[in-house]
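There's a structure below that I have some questions on.
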Amino acid sequence: MITAGIDVGAKMIKVVIVKDNKIVARSINPTGFEPVETAEKTLGEAIKQAGITRKDVNKIFTTGAGRKAIPFADNNVTEVTADAKGTSYLFPSVRTIVDIGAEEARGISSDASGKVLDFSKNDKCAAGAGAFVESMSRALEVTVPLLIEISHKSTKEAPINATCAVFAESEVVSLIHSKIEKADIAHAVHDAIASRVSSMVRRIPIEKDVALIGGVANNTAIVEAMKKHLGVEIKVPEKPEYVSALGAALLAAA
Amino acid sequence: MTTEFYRWTENSWHSPDIDWHKAQTVTCGIDVGSVSSQAVIMVDDKIYAFCNTRTGSNSPDSAKKALSISLNDTGMKQEDIQYIVGTGYGRVNIPMAGKAITEIACHARGANYMGGPRVKTILDMGGQDLKGIHCDERGKVTQFLMNDKCAAGTGRGMEVMAELLQVPIVDVGKMSLDVKEEPEPVSSTCVIFAKSEAIGLLRSGWTKNQVLAAYCSAMAHRVVGLLERIGIEKEFVITGGIAKNIGVVSRIEKELKIKAMPLSPDPQIAGGLGAALFARDLLLKSRKAA
Amino acid sequence: MGAIEKFQEVLATRHQYAQDWKKKHNGKVIGWLCSYSPVEIMYASGMLPVRILGSHEVQDVTDRYLFPTVCPFSRDALAQGLKGRYNYLDGITMARTCSHVQGTYDNWKNYVPTPFKYYIWQPNHVQSPRAIPLMVREYKGFIAALEKFTGKKITDEALNKAIELYNKNRRLMKQVYEFRKQEVPPITGAECMEMVVASQLMDLAEHNKLLEELLKELPNRKLDRNHGLRLMMIGSEMDDIVFVRMMEELGCTVVIDEHCTGSRYFWDEVKLEKDPLTDIAARYVNRWVCPAVSAEFKPRFDRVLEHAKNWKVQGALVYQQKFCDPHEFDIPHLIKMFKENNIPTLVLEFDVTIPFGQFRTRIEAFLEMLELELV
Amino acid sequence: MTTGTKYKTAPLKCWQKGKELRLEAYRDLATGHEQGKLLVLGCAATPYGMLAGLGDFVFLAGEPYGASVAADPPVSIPAMETYEAKGYARDMCGYMRNFLGTMFQDKYYFTGGPFPKFDFAWSVRHCPAGHPKWHQIVSEYQGIPMNYIDDETMLAIDGDQEARIEYVAGQYLDSIEWMEKITKRKYDDEKGIEAMRNYFINEALWGEINLLNGAIPAPIDIKSMFALMPISMLRRHEKVAIEFLTELRDELKDRIGSNIAAVPNERYRMCMLTPPPWSFLKVFRYLENFGVVFVGTYVYLINSGEVKFLYDEGKVVPATPPEKRPGWKTMKNREDLCRTVARWRAEHPFQSHLDTRKKEYVIMFKHWKANAYLLLINRGCVPMTTSMYDFQRDLNKQGIPTAMFEGNFADCRDIDETGVLDRLETFLEGQGIQKIQEI
């Protein structure tokens, strides 16, 4: 059985192909304005990578914000369900999943089979997600990788009080004015996100093990800060941005 | 690196007719805003030169840059300026300024200079703030109101949208008016969520222009809401960068059913101009005292 | 150490202070949540009453318990309990007033390990003639519960002593407030705030001594600062001293306040008319009213205006805790009243932490607006 | 996914009559004042039957009025903007903002004409701070007298409950004198008692009707109940309401007897704690595509109906009118009336204490044989939401699944419809419930 999962994210489209319960290909592209075309293209790339043809794919499931827009999919599942499934495949011991994407963060509590027991999402403000890091990197005039790197070198706490991503940008500027080290500001940025995400995740029971997935899980500074805020160890899979797509592919095979 | 669509054109100007060497006073106002920085140089009570440039991540540098651009080709040097007042978000960090005054007082003063003593209500739409200001015939603030909770409806919000749609920000207004039908105004008040909403509109087949129209309408509506709380007088002007966005301005005028009085040379320099005027007052006062 | 420094020290080390007090007096400490909590009765039971306040740090522990539109003051207070900072408390009490603090109390009761808990059913129709008789009976219930918990009788004598102590404290603080009427006030708004907040955290016997010292010092006290414009602060709960200090550095002095951590809390004395319990009950029914329990603007507004005039304020900072609906109702009407009396106002909304840059601009612009001539 | 059983459905026989009665109630709101009836402003929990002692009256409860406006966005949005332009805050009670908005615009929702001037405002303080404060603004704006009774959470655990009943009864007595004074009318005790008797009976009937939805399949769905609610809301003091609600109750019993369902594909039963988002009632219709039927909401029972909770047995049964309860007196005079109302309010508050509420939520859930609770976090209502997360945790602990979304239920600008549907779909997916394909 060969199935594909397509995660149509706010920022990136990700495809995972699963063959007999094994991952055989992954591909990713920016979503852009033509998600259908991008999805088609990304799927094509994955198919090529897997060394199969489109006809070999038995079923395609989509997930993500744009999941309903893909006409060639057989079905769609929500990100929450896909996250839980994908994570339980990678880490069967995980009971709490935190997914931080470009614009949305989620907390999911699940059982061993990857069934969702409860979840919470950020409703009101987008301040606690990947886009926040990006706008902060712009305010600090450093790239995201550099922002992460210097964040680890921070020695002092600096506060970011505004919750709004846009306002926080100017707070960052005022921190620069107060001659606070860039490293400390970078650290504060990550801390602020982790604090907001933890606050939201705490609405569901936090049970061990805890996993962090989504594109932002690549950000080691966020991972550190999340550990501190939740007070637990956190597992991060390799290529965390693909977990939702993986979940969708696994669900298609079920 | 892709094109930065949010970048509006930086501009500068200086008067070919004024000879500053003979002047009684040469003063300058520097407005380091969250998004843009301006320097305005006044020779006696006339605008001699100004410039408009993007704020960097550090205000002393931004101030220095603005000042040096405005001095370009004038033959004037920083030492020739007798008094400098700083204003705007970075006002406390402008090393060459003798005093810092808030942008609220400066915008009122600058608008009063450009629009004349009739100006009663000023709407300043800048990078991060929306301000409704009332002033008297001398340009002194009598009341003001600012948005706080949300950055939606500000210049930065518009930049995020321009970048998303890959439309140069200077064209946003024009394009937003070039539509026959427009979708419902974008409902989300959050800049970041508004962005997702806009993506949704695009995906469901609306054109860029129509999406821009929806966003401009939404912004105009929010601004009018704020203005209503403070009250609007007929003699009203718009300052700040968004004053250059015809899409937002014309929609505000339509909702209010009043036309904003024109401001020349440039509504975006109101803050810097006000600061330069205060600088002149301070200079004259100190001379008198001496 | 001067009195003011001592207040500052108590504020900074409030938890240590309470724990030291416990050890020293081999006593118990009771926390209270709304300024309607009858401190006299708590004191008479031999316990140290301390007000539960937040710490103004970003926190991420309360969202699980209180919805984010509960006022930041209430959330910040609950956070302290959840973080274990008040684990030394022997008891907690709350007077029935605003539903936001009520949320804090309810959750505290369930999730913070404080042994003694008592909810005082404060009548909220304070204008009704039925309120005082009920208040007396409610206090009897509170007293009975306290007696059972401490194993100590609360005698009329103890109540009288507590009344005397608190009345004296109120009188002395009002005398300090009198000094703020001077053209150049010898004490800043932030310092006064420290004084009042300290009175809610300290043993009053000690606080009163400090006040007496302070009153001796004030006639000769000279502050090396620009006192600037005279402002009033009016609003809901407010103990963000860092903010007030920042504000006063911009060229103004808060000369009078009307809020729950300031004058509204302590202004009214217990009038000695009947028996101590009835007198205390009458105080909490008739006291300077908080909008959370009043459906009439007038009684509060009249007093606010009188304060504003007596202290010759030039402008008023009207603020609220974000989402504080009781006060939000009053604000448009308060502004109108000030306007009719030619007192300009600035409205601010407070959160647990404050974005200083934005607030600073507003205050400076407000001060610039008040200055007759800017230059 | 199996489609499951498909039930028989049939329209309600008494629907037409209900519609007429509802229209009559609205008509009265529109024209009653002109016919010389007193026009009184209050809140949904006010025992307004007592007003009958003053003669004929029309009672306007602020919440249902606000909800009617809120359900109509083209009217609601400009109304709220008018309110905001006056400087009032946007984060306050949504019902109030719609109400005050139309008052400031001078547009009465039911007629489109001028906003009526009330004779006075009289309410209970069911929502700490909220209601009397709201009336304070009306009173100031219209220059009318106002008064209120402080009678919420009287059974709070600590302290002297009998003392509170005396305090509350006393306030009711005082307020009757106050009404006589401001209206210059004599209060007829007989009439007041009679109307309150009807009021109690109607509350119990409405409560009983809500309980009937414990049957599988549910004989009536929540949207129909919302449509009929105005009768129980506005006309509780009238005999016609008793007649109608009796008829409705009997018809529902018949439907249960012959297995007639409200929704043909009933597969998943849900209930709520709060009112719905008024501008977004179609969420219920949408969920029907998943075979979800809504069987009731707790607030329904509490503010316009009454039931009796047997906490120890974990059961809920229809309420008996107060005078018929053991240990209660028949009302003979004004003192009896006030005391009965006070005692009744103690047992039937809008907001009982947290711990009591938690118990009641679980009992209702079991009674309704529900599969999950839908928790709506209403940004525009502090008392109903302060502890929603706590409730959620408590329900989950008892094995009750909860779906949750937030927004303002009387402000359509503050409901992210797509986001809400997305959440609900996610929740149902987790419960193994999928859209019914082609029925």
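Order of writing sets the chain letters: A, B, C and D. Residues in each chain are counted from 1.
Here, a contact is a pair of C-beta atoms (placed from the backbone, for glycine too) under 8 Å apart; a residue touches a chain by one contact, two chains touch by 3 or more.
Model, not experiment: these values are computed from the prediction.
Chemist: Mind naming the chain pair that shares the most C-beta pairs in contact?
Modeler: Result of the pairwise contact count: C-D comes out on top.
Chemist: What is the chain whose Cα centroid lies farthest from the Cα centroid of chain C?
Modeler: It is A.
Chemist: Could you state the distance in Å from the CA-based centre of chain A to that of chain B?
Modeler: For chain A versus chain B, the centre distance works out to 38 Å.
Chemist: Distance from the CA centroid of chain A to that of chain C, rounded to the nearest Å?
Modeler: Once rounded, the distance between the two centres reads 45 Å.
Chemist: Provide the C-alpha centroid distance between chain B and chain D, rounded to the nearest whole angstrom.
Modeler: Taking the mean C-alpha position of each chain, the two centres sit 50 Å apart.
Chemist: Counting only residues that touch at least 2 other chains, which ones in chain A make the list?
Modeler: 124, 167, 170, 174, 203, in rising order.
Chemist: Two or more other chains touching the same residue: where does that happen in chain D?
Modeler: Correct list: 87, 389, 393, 416.
Chemist: Counting only residues that touch at least 2 other chains, which ones in chain B make the list?
Modeler: Expected reply: 89, 149.
Chemist: Considering only which chains touch which, label the overall pattern as line, ring, star, complete or other.
Modeler: Graph shape, chains as nodes and touching pairs as edges: complete.
Chemist: Which positions of chain C touch chain B when the two form their complex?
Modeler: Contacts found on chain C: 344, 349, 357-358, 361-362, 364-366, 368-369, 374-375.
Chemist: Looking at the complex, which residues from chain B come into contact with chain D?
Modeler: Per the touch definition, chain B meets chain D at residues 187-188, 200, 225, 228-229.
Chemist: Which residues of chain C touch chain A once you look at their complex with the stated criterion?
Modeler: Interface residues on the chain C side: 58-61, 63-64, 68, 351, 353-358.
Chemist: Write out the stretch or stretches of chain B touching chain C in their complex.
Modeler: Going by the criterion above, the answer is residues 89, 101-105, 129, 140-144, 146, 148-149, 278, 281-282, 285.
Chemist: Mind listing the chain B positions that touch chain A in their complex?
Modeler: So the residues of chain B touching chain A come out as 34, 56-59, 89-90, 92-93, 128, 149-151, 154, 156-157, 160, 190-193, 195-196, 199, 202-203.
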